[in-house]
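When the chains are written out, they are named A, B, C and D in that same order, and each has its own residue count from 1.
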């Protein structure tokens, strides 16, 4: 059951000229959120922006065992992300959640391979924590335009996550797309039990789903469609999924997703 | 002072005048965990055809100043699955159900009305003759007085359920459509559906919606919608159900003063799915503050006599 | 790369496609100290009748979500005083003057056209057949295809000046009015005028405007206006002058991609009277960035082929 | 020639739960403004609010001879005044001005009687300064709902302005409307040369103009009409003035006013 919280901004850290991490006092949502779930946020009064925007829960903030809030990892591309970038302590962000179908975790000896493109890193902090807590071995394949846009590397290393990096300009890790090292390692991983998790731009998700299928691996991808409501009310966020061997069918990614089996999605 | 919030549309009594607008509240069941559906005046479910429909490819919505465009294309599960899969839960949740129906032909409207008349738990039919997002049917009726008259008369003969033609604002004289609906036997009219509109990505020079054009809703359109409700109220006798950009109790009250018996809320539900409580409470407060015992006494109370000035020292 | 920003409307050449919209820029002279009038593509002056007019009592405007209503009622100094008192200064400031004319009868439009044809410094006539704020004349022509055809034909016979009927959006099929204008000999059409709308003070239950209804303008209406420009462009051959909610260069470009040769800016001038420089510079930048040599080559370049997806890593 | 300044908020002082004084770094406007002129301000991005709103220049801020900015006295009644109330140091307020026809000053031996209702105090700080600089004797008749809404009394006293106060609840000065002491003093002022200046709600202005006329005194009143542009572009702000012995005519109060001779206005 989602709740709507007028969450105070606890902190706002700029990671780069475009990325920031904002901490919000929304403990009720944070405590209930599962990895891959999202919140619908709205800033400001009046009608600019009019609609809420979806953001993955990035981190769950705790003091000891008490949950205090959550963070969002945001990339500045428009009006809401600009406001999230500019927000200061004490500002209020309206936060509705948690929403959507989360990633399904796996247990050892199966391994988790997470593939993140850009701001698609967001769901993997909580997923990594959930998986590590189960003792599952976790690898993060993480791609961005440049090394300066690869964030939280130490955060993942400290939790024992193996990192495989790729940048388009070659400034850190492999030069090129993150699916290249993914495919290379899949080739070498015959016989190991593993699940591929992905989040990032859709063409990346399509490539990950394809590569995973090629190597007969299951994948779970989190898609990013433009959402009007986040609750199944508007039918704006649909994505085509396979219905029978040949058919396809639009489903609402806010309630049937945002996480789908890579093999179920019809990539266009 | 207790207030009477009930309103009557044909044989249907609504517990209060606040209805969830079609297409903005799924089939209602999606919101069953968020709001108590029985507290809404009514739930107008997503527009239904006889058959299932896939709708338009994404991108289906885009935000505009104080509004949004949608071109969903009436994706839906069809009337039979609706009756089987959704209606029982709506009944169980004690929702007052208004089924929004769309046809490509007059016969399709009639058949939908017949099928739904036999179903248990349908309170009224809203005839969607105004969806700007589909080529065939629908709006073709809604943009022609004869078409409107014909489809309403035909449905009238097919059902005893209250029928509410939903009018399009994309016409020169909306009041004439309210009159045609009344003459054809409608129990009420609802308006407005969305305004045909478009938005372009100037960098790619492509439409932002896959369907090129879509329907504008939200606060942006409210002043036009209020004017249209005012015109329809003056033109006819049947109740008007008003909508278009309602986002607060004051907005709902504005429509009622202009002439609406009940209101629907669409886009604002996306922004705040808990809006229903605020709306109903806000209307009740207003009535109490103004000493109005029954919400239906608020309808059409616009005072158009010349205004006088008052003087306070500040 | 130098860009050619000129556009042609009949025999009139505009230095650039950005025109001040009628009723939103006084008679132009009010702004002579704020902006260099010769840098505007054109100045459409406040709608003129033959005679002076007092207009409606205040309150004449009210703000609405992302828009405003106005019911000025065409207060104005009449054509004779305009020619005597304003035109000389406009000429001196080298403004390209478009005179917006309104009549209660067809003969009045014709007489206005004759009088203005003899005046020195009038670049074109915009026929206001779309003002929603006056009862008599004007919009009566603009809401009827025959009325539009008749008034445009009659004015066509009376003047050699380029004539630009200004269309109302309060009709079912605006493109048919563009076609009627073209057939009657118009050099261009401009659209949209404002949407008939209203707002109510819920505490007093009175209309916020003394005239009860008024016209909605501003960003709120932009998506509808863009759609209408798109329809008119496809329906006819004469240039379309687009307007409705333009507040940035990107907005102006959106209208041009949809099919406008030139644009007008009304409400946004109230918010930022220095907007003209930003608009013209912004359009020039865009053309350079996109390698478009002439602004007229931007008109109607909307790409409606299906969209493909691109992949970047972020 | 008005200019448009993106003015930083230097300070914001709340005077009561509804009134505040906001200091803006708009020296170019402040230096050019004459008493009674106004600025059109806009806060926030996007379209809420869409239009600018008119505010009298309240004080001109100076350090020595250098003009640093201006202040606005604002009463919270809607979206813009709420934003002015909430604004904090560093915020930006878009400020267009100075606009409109100012009050005409007078020289000794003539006396200036200023009549303010509520937030209508705003133009009288700069007017008092201008008059005092000319050696003109100044009286301020100042009315409000309650004594807690009578502001800047010491400010005026320090400058040698005589104060005559009235409150509706009688908590300070006369109980009732400010036009009562005005009329009383006008009765007693036969033979003295004086000019009545007024600003406040329109019914008060009408009463002041009437009382002044009764005692054959000239008055200058500053009217507050809803303004769309402030520059003569929109014809929204009109007020009826006498045209010939019997006629009346709407003029734009933003350019023909906001200051009018009380006798010229047709009070409705």
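The rule is short, and it goes like this: a residue touches a chain if its C-beta (ideal position, glycine included) is under 8 Å from a C-beta of that chain, and two chains touch if they have at least 3 such contacts.
Since the model is a prediction, treat every value here as computed from it, not as a measurement.
Peer 1: Give me the step distance from chain A to chain D, shortest route via touching chains only.
Peer 2: Each step joins two touching chains, and the minimum needed here is 1.
Peer 1: Could you work out which chain's C-alpha centre is the most distant one from the centre of chain C?
Peer 2: Taking each chain's C-alpha mean as its centre, the farthest from chain C is A.
Peer 1: Centroid from C-alpha atoms only, then distance chain A to chain C, rounded to Å. What do you get?
Peer 2: 47
Peer 1: Return the distance between the CA-based centres of chain A and chain B, expressed in whole Å.
Peer 2: 36
Peer 1: Considering chain B alone, which of its residues make contact with at least two other chains?
Peer 2: Residues 65-67, 218-220 of chain B touch two or more partner chains.
Peer 1: Which residues does chain A have that touch at least 2 chains other than itself?
Peer 2: 46-49
Peer 1: Would you pull the chain D residues touching chain A in the complex into a rising list?
Peer 2: Result: residues 44-49, 79 of chain D touch chain A.
Peer 1: Show which residues of chain C lie in contact with chain B when the two form their complex.
Peer 2: The contact residues of chain C facing chain B are 64-67, 69, 143, 170-172, 195-200, 202, 204-207, 210, 212-213, 216, 218-224, 226-227, 230, 245, 250, 253-254, 257-258, 286, 301-304, 306-307.
Peer 1: Which of the residues in chain A end up touching chain B in this complex?
Peer 2: Touch residues, chain A against chain B: 1-2, 4, 42, 47-52, 96, 225-226, 228-229, 231-239, 249-250, 255.
Peer 1: Note which residues of chain B are touching chain A in the complex, please.
Peer 2: Residues of chain B touching chain A: 23-26, 30-31, 33-34, 46, 54-55, 58-63, 65-68, 70, 72, 75, 218-220, 267, 269-274.
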